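Two complexes come next, and they have one chain in common, subunit A, joined by subunit B in the first and subunit C in the second.
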Partner chain A sequence: MNIYTFELKKLYSSVALWVLIILFLVFNIFLVVSSGDQYVDFIGATSHETDYVLNEDFYNRLSQVQTSEMEIDCLEQLKLDTYQAEDVFDGYDVNEVGERYIEATGAPEKFAEIIRNKYSDLQREVDKKAESNEAMTLYFAGATYYMHQLLFKDLMGWLIVEGVLISALLVLLSIGYENSNKTENIVYSTKTGRNILRSKFAASISAGLGAYLLLAMVTFVIYFSMNDYSGIWGSSVSSIFNYRNDIIAGVRPFVTWHSYSVFTYFLATMAMSIGLICSFTLMAFIIGTMIQNSYISFFVFLIINALMIAIPLMMSNTTLFSYYVKYYSMLSPVWLWLKHSLWFTDGDTDTLWKYFETMGLCVSILVLTASSILAAARFKRRDII
Partner chain B sequence: MLAVNNVTKKYNDFTVLENINLEFDNGVYGLLAPNGAGKTTLIKMITTLLFPTKGEILWEGTDIRALDDKYRDIIGYLPQEFGYYKNYSPRQFLEYLAALKGIDRHDSKGKITELMELVALEDVVDKKMRKFSGGMIQRVGIAQALLNNPKILILDEPTAGLDPKERVRFRNMISSLSKDRIVILSTHIVSDIETIANQVIMFKDHKLFCNDSPSNICNTLEGKIYETWEIEKIDIPHILLTQRQEGNNTLVRFATDVEYNGEAHKVTPNLEDVFLYVYNDGV
Partner chain C sequence: MRIILNEIKKIWNLKLLLVAFIISGLFYTIFMSNFIVFFKNGHSITEEIEYAMEISKRYGTEITDEEFSDFMSERQSLISEAEEYIDKFPIFSEVGIYNFEDYERIHEKDDQTEREYEAIWTLLGEKGNYVRFKIQALDSIEERYDGYPEYVLDRGLNSEDTPKRELARLREIKEKEEYLNIMDAYSFENTISYSIYLGILTILITLVLVSPLVVNDRSGNIHLLQYSSKNGRRILLQQFISIIISAFTITTLMVLIFGAIYTTNGTFVFWNNGLTSFLNVAVDFFWFDLTYGQYIIYYILLLYILSISSAMIAFVISRFSQNLIALIMKLIPVFSVFCLISFNVFFKTFSNVNFFYRLTGLPWLEPIVCLFVLIIGLTSSVYILRREKKVDLI
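What follows is the complex of A and B.
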């Protein structure tokens, strides 16, 4: 076995890891099981007959759908939902959303200009969507908002939290392992010495991502076996039935920067989640190399993230500095997590730039990787007392 | 050759070791000093766990920090507090350490078997270490230090936890190992090094006190060590060293720099006398 495998074995031998995985799985299964809906089941089944594109064929096929007594209400509801459906993007002015955000937050002109430019760019995307009739897809009709939130806000959100907690704990456990077993002296005086941090990081990030993928796989296998997506995977997430709602801009269409089907949006969200878990793992690695004790390190990790949430919220919009703090904080991993249900969209009042999630993830990974290298270099020069 | 040149180690304002100069060639070097005198600090600097505040440590003329893993590749180290993974067997633990020491897996298998026999643990090589006695753990520690056949073997308080029989066995083992390598053995137990050390190094007041052969060090007290039955007369300026019961009487061994006005006979100084004489504060 090489050093990486030995380090991986140490982590997989941890009882805490398996206890957490089981607890998280029970929680996820509870979320999934408590989400059953007859109308959603009906649409899942019917979409195989009608297809998901709302065109002439759809209405013809829908009129021919035969159903049981029990589902007659569902069929009527679907007909009602899709009756005379109109493209929400036709004539939709998204610039108005930007103006409302600017007004509500009192954004200084410097930032207001960036926001206006963002919504001006988004308007072009809206116009393209209108032209291509991208929104004219079924998704889950009247249950779309609920199902979209369930999958992309609740399940994805909790899975990220679970992945982050497990990955952070594993990296801290790995780095603090020699300290807690009092083996620092013999391990760090070997040929590999403190370069073992590389293997420890590689092992813990792969174990953390492995645990995340296991949780996601089990959760989604159960979720998709209970909710039939096979007929609507190709529907656009910007379907006329999907929307978002905030206190400033009110109810408005769910606009993404690119055209995402439910399937591609699902894949993109998973990829982004993995990236976000990696950035949190890097953060935990930096803390772990500085503190060594796994439990104290984990506590510090939680405190730092809590502060990163609290600081921009506590700052009043009175100075230019406070706006800088607010806007740039949104690129931090913890704020990216908080806004995970808005990934690949224009974001909301605090998101200044388009592609804020991609930009935030890249900035986080770059800054945290550089900091990790510095922390590892400092660790190599530190006295092991 | 391993050279410690003008090495000082400080923690903030506290000086642990000051301006230490030492040279090590093949043979056994005994670091003899009471607890807290700086033995472990020196050892940790030699093993690259601590870094000198001033000065340098050279191996064959090159700073050990610059040599990095090439230097660590030639050292074997048994720390004072030997930590281990309780759920591992000696074989699993040594396999892990062999990987860290860059030893090929195939080579490590044979080496582990050989070392387990050397430390008489071949019967428990696959048993979990959580149930091992202190002496057994210490023997695993000695085995791991020898895994890479080190040119510099550093043992910090190696006989802690060993019973008298194991101590004798250990001393014999160290003697046989020292022919073609540097063995640095730190202890506050004089008998550990009295018979096997070629050189004895002592620290006092954070500075190097002496670095000489045991016989030369003992000669420094020649004519100053006595034994007497008159325990009541041994007071300042005489320094009481040891006492031993013989029948109903107590035979007292003491050191004195002045003439003794009583009934006593001179004896040949040993290393324990030197240790107690040098570190006589509070004895």
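What follows is the complex of A and C.
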């Protein structure tokens, strides 16, 4: 325990770390501040009076809403947006999306079958949503897409990048610390010896996650104080106003596997991000124990992830093998990050399974944990010189 | 001199070179190869690019009215080619197409039957030698030829919102008929995107290679040893010089290698052609009579300035870093800032749509920004070097 605190102290007493955290925060705040919108503010305020469920009561309350001269346009806009809203899930056929994806990628029969099954499962979810009228919620009405992308794509995505960079650097800093300060030989000859790796790992992963949580907390406190979500936290993310867009399937509703409100989706995404950062940390840990020069380790870490992106892109869809590579590489941490705005949905062209993000995270963590144990075992027997 | 040479050897060590090589390869495959592989992507873009190249080959760098109408006579021969296909394939007579006008009529129809659709696509496909796309490309070239003086020059000249600077430049273009230059817009946009990524990659590789030199010495406390030698504290200056030489060499190598890869696109046929062109719809005009070749040379000059200044800033940072990870933590924001700068500087440099002009309304800011970054790097380095002479070691 004592060693753990000292290791932690080594990490957070680095000035460069704090400079980096502050610069990341400045960037995040810039993203948040440059996003303001009068209409969004108006909906945030009005949703307290009208509630977020689009039913008779909503329209009655909306017609009674009084606004200042300034916001009269917003009120008109809101009335226009919600006027005669219809549930998008009534009679929505999601199987067609699957067929388009299969056609576009030319997936072999074996995989096409899995994709078809996935979409027929999703169809059941869609029918359930249609029955429960889950989609008939306000979210941010006409500004929903923009706000959803801002929070769950831009902010979440950048926060993950920042968290990953910081935690990977902290792991490498911690492991390479003795080497760069020439204290390696003394440390390894003590009673704790190379078991110090455990404390180092624990310290760096907690410091990394701590840095991520700090970044996320400050960013979101500012974000939610600028954009009032309190009235619409309960809205479904599959609200009729939310949609997603890709080249192959076009504009379509945002369908999640379970019913998520904005609040639960936010929590789930945060949990997923933390898991993802852990798996990147494990990856950096493995590299750090293998390569002594921490400068090169960091670039090897980047190169491995870039390779994970490049390999499926470079492979042409000709052999069955290339499809295997393509579908399975989607489970790697870096592809999970690239698809972070599609978490808990059906994914897109190259996601094969439902719950791909949960599955990918479990696989990544399992594989990486096993490899870290091996790497740590190897580290114990490594020649010092 | 011998010390500088040895410092350079330390920078160019094999492991780091391998890392730099792999990074360049991956960066190229992920970000840059698209601009080579998908340069002529789809029709009628392919045809437009090829026609623009052909005009340039046939008439030189500029075109006159006679030459243009001479070139447009090609359209007639294409129509007769199309009609040959219409006679040749029975599918056309089946849906009532006997000549090119019939074809156009069906083409514009909203509710085509399946057979009609098939007939339409015969001339749009390989079987019909893409002849309809060729005609389309010629039409769009003609449209731009007629449109530029009207939509860009006259609209700008007659509008009250046009700033004085632009007005003067537009008048000059109109007087000298500069817009008669031949410069294809797709080739130009492609060159810009490629050059922006090349700039970012060059800066990345420069930072990766030159940064660890000083830190490595300091984290091993070798600088104490160096300072007490006869050469003394001059070593930092020698390291600075070797960093600059390395940055220069890296930039040269990158430009040569990736420039050589870029020649496969064949856009260098426009080398002597002016960029302010009726075909170049990517921008309205440039601030001076600039040719494609000059653009590339200016780009390379600015890239040298940026990559050398990034090396200088890396030098300053590395002087204050105790270990390599702390160095990377500081390099990440530096690299992001340089990405931002190079993106904005290299995006349609010297034109009226460049970020800096749109932001401030002043032309010529692109080289000034680069020089400003260089001066920041240089002054801070000089300050560090002078300060080092007197600084306490502990």
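Basically, the second predicted complex is superposed on the first by the 384 of 385 C-alpha atoms of A that agree within 3 Å, B and C clash if a C-alpha of one lies under 4 Å from a C-alpha of the other, contacts with A are read in each partner's own complex, and residues count from 1 in each chain.
We adopt the following convention: contacts are C-beta pairs under 8 Å (C-beta built on N, C-alpha and C of every residue); 3 or more make two chains touch, one makes a residue touch a chain.
Note that the coordinates shown come from a computational prediction; the quantities given were computed from them, not determined experimentally.
On the superposed subunit A, the two partners subunit B and subunit C both fit, without a clash. Of the two partner chains placed around the shared chain by superposition, subunit C is the only one that A:310 touches, whereas subunit B remains out of contact.
After overlaying the two complexes on the shared chain, residue contacts for A:14 are found with subunit C alone; subunit B is out of touch. In the overlay built on the shared chain, the residue A:172 is in contact with subunit C alone; subunit B does not reach it. After overlaying the two complexes on the shared chain, residue contacts for A:251 are found with neither subunit B nor subunit C. With both structures placed on the common chain, the touch criterion links A:3 to subunit B but leaves subunit C unconnected. By the touch criterion stated above, A:70 is placed in contact with neither subunit B nor subunit C. Within the superposed three-chain model, A:188 lies in touch with subunit B and out of touch with subunit C [touch as defined at top]. Superposition on chain A places subunit B within reach of subunit C only down to 5 Å, the least C-alpha distance between them.
Put simply, subunit A uses residues 181-182 to touch subunit B in one complex and subunit C in the other. Residue ranges of subunit A in contact with subunit C, taken from their complex: 14-17, 19-20, 23, 165, 169, 172-173, 176-177, 180-182, 293-296, 298-300, 302-303, 306-307, 309-310, 313-314.
Taken in their complex, subunit A has these residues touching subunit B: 1-3, 6, 13, 178, 181-193, 195-196, 381, 383-385. Contacts from subunit B toward subunit A in the complex involve residues 44, 47-51, 68-69, 72-73, 75, 77-79, 81-87, 95-97, 99-102, 105, 141, 144, 148. Interface residues of subunit C, counted against subunit A in their complex, comprise 15-16, 19, 22-23, 26-27, 29-30, 208, 212, 219-220, 321, 323-330, 332-333.
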